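Labels run A, B and C following the written order; every chain starts at residue 1.
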C-alpha cells in the first residue's frame, strides 16, 4: 500500500504471532476427519468415525445431538426475535419520542449494560426455582433476552439516530400519525440495523454457556454449549477428535453467519458496542 | 400528558416490563439475600424449624460452645418426669409408677444403663429384662434429629435435658439449631475478614490489569500492523484474530485445552525436545495465569483490533500522504499521526473492558475453573462458586449475593463515571419534533 | 389563505429565541423569511407547520386558530432543504403518501398525483426511487408531494441550498411559476438574498429573533430601515463609511474628508456619530461628489468589473463598473458618489 515501507518484516512477525491460533483452527477442522497416532503431531489416517455422533445414539448415555441442536436453535432464535422486537419500540422511543423520564431511561439503559451476568444470576436462579421456570428453556430464553436487551436497545437507538429527522417531519406534515411515521417511514430505513441486531443476538444466544448451565442443567433442555462441555468433562480419557467434531458442528452456524453477513455484523461489533 | 408522551411510554412498556422483572427485581432480591444467611441448607422459603443435628453440634463447637455440653446434646438423656411416669403407669401398672416416682422423681441419667440399674432395685419392676428396657425407654428424652416447629417447643425439650445452660448459651444454641434463614449482616463481615475474599480480590486485580494491558497493547499492534498490509492479507489476519471473539467460548476454550493439556499438542511437540508432558493449563500457578490471561487477552485484543482499525481507517488518506512527503518514517507516522487519533478509542476500550473483565468469568470457569487450587479464582468466579457451583456441598446464596453486591456497586459507580466521561448529555439531545 | 402569526414567542430551555413576533402573510402571496443563520427563521417555519410548539402567541390560518393543532391536522405542505423524500418508496408512492394517510380512494389519488406530476413536470419519473433522481428532480418531487393535498400554505425551507448553481437558477423560476399557477400562499426560508429578492412578493428580514423590516424587495433595497438590512441585501454588498456629523455635512473618521449629507435629512447637531452607506453602483467615475483613493482590489467578472477603493483613512468604497475600465491595482483614482443615493444611519444602526 505504501511503497516506501517494507512489508515483509510485519508479515513475518504477524505470522509467527498468529501461529498458535492458526494451528488451533487447522487442527479443529483436520482432526474431525483424521486419526493421529498418540505422540505424533500429524494425523495419519482419514476417517469419518468422529462424525458418528450425528447418526447414532452415543453409547455413553449422552443424549442424541439433534434434540439438543433443536433446543439451541429454539433458544437462539427466540432470544433474537424478542430482543429485536422489544428493542425496535424502545429504541425508537428513546431516540425520537418526547416522554417523561426520557433522560433517566437512557442513563438507566446504559447503566444496566454494565450489569454483568454474575450479579443477577443468583437471584434469577432462585426466582426461576420459585416460579417453576427452573430447568426450562423458557426461563433461559427470558433471562438471556433480558441480559441482551440493554445493548440491543442502545444499538437500535443508534440506528434510529441516523434516520434524518426531516423524513419524520415530512411524514407528520403529510398528515401521518407518529405511529404511522414509525411503521411506514422509519422502520424501512433501519432495516439493515434490524438484520444486524437479529444476527448479533442470535449469535450471542447461540454461544451462551453459563445461563443454560446454571438455569437449565437437566438433559431435556440442554443446548449445544452445555452438551459439548459436559462431553468434555465426562470423559476420563479425553477424545479430542470427538470434541472437535461436536465443536465444529456447533460452530458451523457461527462461521456461516460470519462469512455471509460479515459486513452487517461489523456494524455492531465495530461501532455498536459503544455505550 | 400529551399524546406523544403516551406513545413514548407505550413503546417503552415491553422493555420496562422485562427490565423491571429481570433486572431490577433480581438486583433488589440480591440485595435482600445479601443480608440473609440463605443457603441450600436453609432453603429459600421463609420460616424454618429448630433441629439439632450432627452438623449443629459441630458448628456449636466451632463457635466456642462448651464441648462436653455440646456432646451431651447428641446423647440420650433419661429423665424421670410426669410424662414418663404416666407412660409407665399405662404400660406397667400404677404400683411400678408410684415406686419410681417415690424413689427417683426428678433425677436424670446420661445413659439407659444407669437408669436400668436403678430400676432393677425396685420391687415392683417387670420381671423380664426386655420389659425393663422398655420401661426405661419411656423416660428417654432426646432432641437429636428431631424437628421442633416452634422455638417454645424446642426450648422446652432442651430444658428437659438438664444441661444447665446459661442465657447466652441457650440463645446461641437456638440460633444455631434454627434451620430457616435469618436476616444478618454476617456476610459483609465475612467478606471483610475472610482470607479467601482477599485472595479473590488480589486475583481479580492481577487478572484485570494483565489482561487489559495485553488486549489493548496487542489490539493496537494488530490494528496498526494490519493497516500497513495489502488489504487481502490484512483481511486474513483480521479474520484469524476476530474468530476468538465470535466463536462460542466452549469451543474456543476446548481448542486451548487441546493445545495445553498433557496429552495435547504442546506436550507432544515439546516431547521431541525431551520436555516431559504436563498439563500446561494447570501445572503451576504461573502456567495457569499465562493461559488465563492469553485466553481472555486474545478475545479482548479482537475487540480492540476492530475498534482501533476503524478509527485508523477514519484518518484521511491525505494526512498520511502528507506525513510521508514530509519524510516521516513508519514509526514516526504511527507515533505522530495514528496514535493521537486513537486516544479516544483507547480510552473507550479501556473503560469498557475494565468493567467487563471485572465481572466476566466464563473463560476462566471453562478453562482452569480457578485452579490450580484457587490460584486463578477471580471475584466473579468466587461469587459463582460460593452461590451456585460449590463442590463442597452447601450453596451459600446469602454470602454469594453479598459478593455479587460488591460487583453491582462497582458496576454502577463505573457506569456513572463513564456517563460523565463520555458526555452523556450529548447523547440525550432533545427530540426535534415537539409533539 | 391568509396566515397570521400574532405575538409568537419561542423558547428553548432557558433561551428565548423569538420574542413576541407578529407577521401576516397575505393570501396567494409568497413571502421570504430572510436572515443569517440562527436568526430564528427556521424556528418560525417549524412553528407554522407544527413541528415546534409555540410558547406564546397565536397562529391563524384564515379565521381558524391552529395554535395548538398538531401538525397532522394543519394542512401545510413543507419542502425541506434535503427534500426528505422517503427513500424506500417510488416517486409515485412518495407523492401519493399524504393522500394515502388521509384514506382517500384510489382513483382520486391516481388522478391527483398525475395532475400534480404534470404541473411540476416529472410525469416520466413516477416509477423511480429517490436515489435514482438528480437533485433538481428530487426537488420537483418534494414540491409535488407538498402540493398534492392542496395545502393552505406551502413552506419552503432553504429549498435551493443543496443544488448546484445552474440548477438553482432554473428551480428559482420553476418554484415561482408553480406557486403562481397554484395561487398558493407560500413562505420561503432562506439566507440567500438573491433567492429572496427574485422569488418573493415580500421579504421579512430577520435578525436575532426579530423581524427587522418587512417590505417588497425593491422597496427594501432602496429604503433599508437599518444598516443591517442594507448590508444584507445587494451583491456586491454596500460599503459603509463611519464618521461624525459636522456643520453642513459629514466628516469621515480620522480624515479631513468631508461629504455633504443627503438634503432630506435633518441633522441632529454637530459631532454625532453617523454611518453612510454607498452601494457599488452609485460610486462611479462620472458622479459629481468626488472622493480620492487607491484601487486596493480588482475582480474581473467578465461583463462587469469590481473595484475596492481604499480611502486615506483606510475606509473602503466599492464600485462596480462595465467592462473596459482598465484600472490597475494601486492606481490612484478619484471617483464620485451619487449624492441622493447615499444612505445615512444613526449610531444605533437605524436609518436617518
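Basically, a contact is a pair of C-beta atoms (placed from the backbone, for glycine too) under 8 Å apart; a residue touches a chain by one contact, two chains touch by 3 or more.
Since the model is a prediction, treat every value here as computed from it, not as a measurement.
Interface comparison, A-C against A-B: more C-beta pairs in contact at A-B.
When chain centres are set by their Cα atoms, the one at the greatest distance from chain A is C. Overall, the chain located most centrally, as judged by its C-alpha mean against the mean of all protein C-alpha atoms, is A. Mean C-alpha position of chain B lies 70 Å from that of chain C.
Chain A and chain C have centres, each the mean of its CA atoms, that are 55 Å apart. Remark: chain A and chain B have CA centroids separated by 25 Å (rounded to whole angstrom). Listed for chain B are residues 3, 432-435, each touching two or more other chains. In chain C, the residues that touch at least two other chains are 50-51, 70-71.
For chain A, residues touching at least two other chains, in rising order: 169, 172. Of all the residues in chain C, the ones that touch chain A in their complex are 49-51, 70-78, 80-88, 97-98, 101-102, 145, 149. For chain B in complex with chain C, the touching residues are 3, 432-435. Per the touch definition, chain A reaches chain B in the complex via residues 1-2, 4-5, 7, 10-11, 13-14, 18, 20-25, 27-28, 38-41, 85-87, 89-90, 92-94, 96-100, 102-103, 105-108, 110-127, 129-130, 142-143, 145-147, 149-150, 153, 165, 168-169, 172, 178-179, 203, 206-207, 209-210, 214, 224-225, 228-229, 232, 238, 240, 243-244, 247, 250-251, 254, 258, 266, 269-271, 273-275.
Of all residues in chain A, only 164, 166-167, 169-177, 180, 185, 188-189 touch chain C in the complex they form. Residues of chain C that touch chain B in their complex: 50-53, 70-71.
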